[in-house]
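Both of the next two complexes hold subunit A, though its partner changes from subunit B to subunit C.
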Partner chain A sequence: MTRQVDALQAKPAPLGRSRFLSTLNLANIPRRGLILLAVLLALLIAAPAFTSDYLLSILILILYFAYTGQAWNVMMGFAGQLSLGHALYVGIGAYMTAALFIHFGTPPWIGLLVSVPIAMAAGAVIGFLAFRFRVAGTYFAILTIAFAEFARIGFDHWDWVGASSGLFLPVATYTQNDLWHLRGRPIMFYYLILAMTVLAFLLCRWLLGSRLGYFWQAVREDEDAARAVGIATFRTKMAAVVISAGLTSFAGMFYAFYYNNLFGEQVFSIGRSIEIILGPLIGGVGTLFGPVLGAFLLTGLAETLTEILGLIGVDLPGAKQVFYGFCLLLVVMVMPEGVWPWVARKLGLETRQ
Partner chain B sequence: MPLSLYLNVAVGGVLTGLVYGLMALGLSVIFGVVRVVNFAHGEMMTIAMYIAVVLFAAFKLDPLVMLVPIAAVLFALGYALQAGLINPFINRPEHSQFILMVAVALIIVNVLLIAFGPDAHSVQTSYAFDSYEVGPVIIDAPKLYAAAGAVIVAALLFAFFRGTRIGQAIRACADNYTGALVVGLNVKRLYALTFGIGAACVGAAGCMLVVINDVSPAVGPAYTLLAFVIVITGGLGSLPGALLGGVLIGLTEAMAGVFFTPSAKSMFAFAILVIVLLLRPQGLLGKRA
Partner chain C sequence: MLTVEDLDVFYGDAQALDAVNLSVPEGAIVAIVGANGAGKTTLIRAIAGMLRPARGRIRFRETDITGWPSYRICNLGIGQVAEGRQLFPTLTVAENLQMGAMVPRAYAHRVRNYERALTLFPILKERARQAAGTLSGGEQQMLAIGRCLMGAPDLVMFDEPSLGLAPAIVHEVLKTIRELNREGLTCVLVEQNVAVSLKIATHAYVLENGRTTLSGAGDALLADDRVRKAYLGL
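== the complex of A and B ==
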C-alpha cells in the first residue's frame, strides 16, 4: 500500500554539504502553497494585535495541540508506532522543569537540560522493552498507556513534586515579560508556542525528507520488507520514539509555566494522551499539515461549541468530549486519511499521488 | 492476628478477581474471534452499572437479580455496535479499528458524565454488610455472591462454546476466517453475535461489580485498562487465562492495598503487565503465536 505522505513533502535532497538547507528548499512547493503558508504565518504573527485575551488563550491552546500533535506524529505518522501514552512525556517535561524552578530557582531553559533527557530516556526504555521483546501493534499501544498510568500514580505519591496536592508555580501580576524565567503575560507565551510550532514543523519537514525519515516510512509501510532491504528497524524505531518523546517534553515545559499548576492525576491521565492524538488523527496522520490543521479544526470548533452552549445557558462538562468523539468517529469512517489530504487536493497542492 | 487479616484480604481479592475475570472474559472472547480490540470495554461495563444503579434507585431491584435482563441489554448494544460500526472496519488497519473504539469510549464516558454527573453512585443492598465466618476467615457476603455469579456465567460461556452449534461456528470463525466463509457461515452475523456475547459478559460483570464497588463515569477507562492488563496477563484469546489473570490481578491489588496504599494499587497491576509482556508475551495460558 502506498500512502501519500504529504503534498508538500520534499523530494529526496541532492547530496551536498548543506543537506538541511537544501531539504528546506522551497522550490519544490507549489507557488500557491507558499503563498498560503506565508499568509497563515503572517496572520498568526499579527494575531495578538487584534484579538481579545480570550481569543489569544484559544490560539495558544490550538498551537499547543498543533505542537504536541506534530511531536506525536513523528512516532505514529512517520514510523507507524501507535503511542497512546504521550501524556507521559508532557508530564515529565512539565514536572521536571517546574520542580527545578520551584526548589532551586533553575530557569526553565536550563531545566530542559534535565527534563528532555529524562523524557528521552523514558521513551528509550519503553521503546527498548517493546522492540526487543517484539511487543507490537495494539500491545505496544497498551504498553505506552501502562507506563503513563504508572507515572500518573507515581507522581501522585511523590512528595518532592507535591504529590496529590499538586505543584504550583509562584504567580504575580506581570508588567514585564521575562523570557529567561518564563514569567510574563500571555502574549509572551503566545509567541513562544508559535515559535515552537514553526520550529517543530520545520524540523519534522527536514526529518521526513532525511535518510532516517525514509527509513521510518519504510518501517511504517512494511516492517518485514524494510528489514529485508537492510534497514536496522530496531534503531530506526528507537530513533522515532526518542525524538518524539524529547519534542513532546518541550511542550511540558510550556504547559507548566503557562498554566502554573500541575496535578499528576490530570497531567498523566489517558484523556490527556488522547487529546494529543486527536489533532493529527483528524488532520491526517503522517502529514506535516495534518496536526496543525487538526488542532485548528478541533479546538476551534470545540471552543465555538462551548461558546454557543454558554450563550444559551447550558453548562455541560462532557459536551466537548462527546463532540470530539463524534468528530473522531466521523473522520475515521469517512476520511480515514484525515482532512488534510482532502484539503490539499481541493487547494491543488498535490504534487504527486 | 495479622495473618488472619492478610487471609481475609487475600480471599476478598480473589473473589473480586473472579468478577474482574468475567469482565476480561468478555474482552478475550471479542478479541479471540473478531480480532478487534474493544477499547470501550470498561465503558460498556459502566453502562451496565448505571442501569443497575437506576433500577435499584427507582424500583429497589437487586442488581444480581437484574443480571439477566441487563446482560441482554448489553448484548443488544454489542450486537448493534458490531453490526453497524465495526463490521465495515474488519479489514482496516489495526490502529484504525483501535481509534474507532477510542471514539466510542470517549462518547460513552462523557454521555454518562452529562447524564449522571461526576459523582460516584452505589447500590446499598440489604446484605451489603453481611459476612460469613469460615474458620479464621471472614468473607463479605456481596463479594461471595458476586464471585459465585461470575463463576456461573463463565461456566455457561464455556458450555456454550463447547456444546452448541452456534458456539462451534463462532470458534470456526476464530480459527479460520476464510475457511468459515468457504463453508458458508455468515461470518459478519457471527461476529455481531460474538461481540454481543462479550458485551453480555461485561454487562453481567457490571451487575456484580456494582454490588461491591461504586461507579462514576471516570471508572470506565480504568476498567478498560484493567481488563487489558488481565487479558494480556492471562493470554489474549484464552478463556481460562482471563479468569486466572483476573484472580491474579484481584489478589495483587488487594495485597498492594494492605502493604502500601490503596490508591497505588493499580501500579502493581501495571507492573505485572510489564513483566508478563517481557517474559511471556503470549500470557500465562496463551499459545505462542
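== the complex of A and C ==
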C-alpha cells in the first residue's frame, strides 16, 4: 500500500522518553510544515474577502471534497478497506437532516442526532456482513456499491422524502446568516465547510496516532500479521467503517442545506462515490494531506478547464469526467503513491529514511 | 504448560491434522519436525487461534483455549513468530515493534520491553526509522522476534525461523532462541533444519501426514534410526 510520508502524522516517537505513541504532538512536525499549514489556513480564512462569488463556490466545492475525501480515507487509507459506495453515507446524512427540517422544522444540528447514527448503523451493517462472512478486497468494494444502489432505488421511491420528484428545501434571498438553521449566504457555508475540513483533519491526525490508528494500519498492511500480534481485526475494521460513515454523513447535511435540493437518483449514484475517492487517490491514499491536496488539484484544475472551455466557446459535455480520468491515469502511472508523498519529499517534510 | 489433545483440523474437506497430541512443559524447547505439508504450520496456527479445530482440546495452563479468537490467545501469553516473518512492510521498525505491544497484557510494559528488544537486537536501534520492508532477511527475522517479545509472551511458537537465511544468521537466530529460553521463555520450534533443532530441543515431536508418529527427548530422537533415515539423510 501507500508508503506514509506524512509530516503531520504521528511518527515513531523517541521511545522510552515521554510518550510511547505520540498523538497531537505538534513538536513532531518540521517547522517548515507548520509554517506552510499556518499560511494555507490564513489564506483560506481570508479568501472570501478577495474572491468573487463564483470563486467562492469553487472553494466550497474543493473543501467539500477535501472533507469527504478525508472521511473516506479513514476507511481505505488507514484501515485498507475499499469503499466505492460512500455516496450512501452522504445521501443518508443529506436526506435525513433535510427531511426532518422540511417536515418538522428540526434544525439540522439536531437532525444530526438522527442522521449520523443511521449512517453509522448502515456502515455497521455493511461491515458486519462483509467481515463476518469474509467478504474482502474487490468483493467488499462491490458490496459497498450494492448498498449505495439499494439506497438509490429505495429513496427514489420513498414518498416521505419526495421520491423521484426530489426533496426541496425552502429558499429565499437571505440577508442574514442563520447558522442554527443553516439558512444564509454562501459565505456562511464557506466557513462552515472550512471548519468541518479543519476539524476532520485534526480528528484524523489524532485517530492515526491513536492505538486504534495503529490497529488500522496493521490491518491495512497485513491482516494475518495483525491477528498474529493479537489485534482484534473484526472490531478494528468495524470501527473504521462506522467512523468513516459517521464522518461522511456530516458532509450530507452540508450538501443538503447548501444545494437545497436532493434527488435520490443523483445523490446516491456511483458517480458521486467515485468523485469522493478521486481526491485522496490523486493526493495520496493513507496520508493526511493527500485528500486535501487532491481536492485542490482536481477540483481546481477541472473548474479552470471548464472556465477556459467556456471562454473559448467550446461546449463539451463530459469534459470534466474525461479530465478526471486523465488525471487519475497520470497519477497512477507517474506517482502511484499520490502527489502528496512527492511534494513532501520535495519540501523536505519526509521524516522517514 | 500447553497441551494439545486429539486435535483435528480441516481445510475444507482435506484433513490437515489428525488426532495430534502435543505437550509443552514450562521452560522447555519443544521441536516439531516433519516434511513439507506434514501439518507443522497448521498446528501452530490452530494453537494461535488462527484456525478453528474440528475436534480436540487445546489447553494453556489451566485454561481451555479451544476455539478462542487469536487476540484473546495472544493476550494470555502465547506469541508466534510466523513463517515468512509477516512484518508490516511500510511501517518503520519502531512502529512494527510498537505494534507488538498492543495486546492489553503488554501495553503497560511497552517502554521497558522496547528497550529490551533493542538490547537484544542492537541493529534494530540503528534501523528504527527505516521501513521494515527495506531490512535484510536476517534483520527482518530479528524484528519479527523482537515484535513478538513486545507482547510479553510466556510461550513463543517459532515457525521456520531460519527459512531463507544465510547459515551464519541461522546460527545467530537459534542462539537467540536458546538465550530467551534460558531466561525462562517456553519455546515451540518448527524447523526444517532438523539436526540443529533436535539438538537444542528438550522434547521433540515428529509429524507425518497430520499425525504425531514419534515423540521423545530431543537427543533421543536424534539417535533414532527412523529420524536419522527420514530427516537427516544418514
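One rule holds for everything that comes next: the second predicted complex is superposed on the first by the 338 of 353 C-alpha atoms of A that agree within 3 Å, B and C clash if a C-alpha of one lies under 4 Å from a C-alpha of the other, contacts with A are read in each partner's own complex, and residues count from 1 in each chain.
Just so we're on the same page, contacts are C-beta pairs under 8 Å (C-beta built on N, C-alpha and C of every residue); 3 or more make two chains touch, one makes a residue touch a chain.
Keep in mind that this is a model prediction, so the values were computed, not measured.
Student: Give one of first, second, both or neither to describe whether A:Gly310 is in contact with subunit B, with subunit C, with both, or with none.
Tutor: neither
Student: Which chain, subunit B or subunit C, is in touch with more residues of subunit A?
Tutor: Between subunit B and subunit C, the winner on subunit A residue contacts is B.
Student: Just checking: does A:Gly348 make contact with subunit B only, subunit C only, both, or neither of them? Give me first, second, both or neither.
Tutor: Neither partner.
Student: What is the contact status of A:Glu221 with respect to subunit B (first) and subunit C (second): first, second, both, or neither?
Tutor: After superposing on A, A:Glu221 lies in contact with subunit C but is clear of subunit B.
Student: Touching A:Ile231 in the superposition: subunit B (first), subunit C (second), both, neither?
Tutor: In the superposed model, A:Ile231 contacts subunit C only, not subunit B.
Student: Within the complex, which stretch of subunit A touches subunit C?
Tutor: Going by the criterion above, the answer is residues 1-4, 11-12, 15-16, 20-21, 211, 214-215, 217-218, 221-222, 224-233, 351-353.
Student: Give the list of subunit B residues in touch with subunit A in this complex.
Tutor: Going through subunit B, the ones touching subunit A are 37, 88, 92, 94-96, 98-100, 102-107, 109-114, 118, 217, 221, 225, 228-229, 232, 261, 263-264, 266-267, 270-271, 273-274, 277-278, 281.
Student: In the complex of these two chains, what residues of subunit C are touching subunit A?
Tutor: Touching subunit A from subunit C are residues 48, 50, 69-71, 73-75, 80, 82, 86-92, 94-95, 98-103, 110-111, 114-115, 128-131, 147-148, 151.
Student: Residue numbers of subunit A touching subunit B in their complex, please.
Tutor: On the subunit A side, the touching residues are 76, 82, 84, 129, 133-135, 137-139, 141-143, 145-147, 149-150, 153-154, 156-157, 164, 270-271, 274, 281, 316-319, 321-322, 324-326, 328-329, 332-333, 336.
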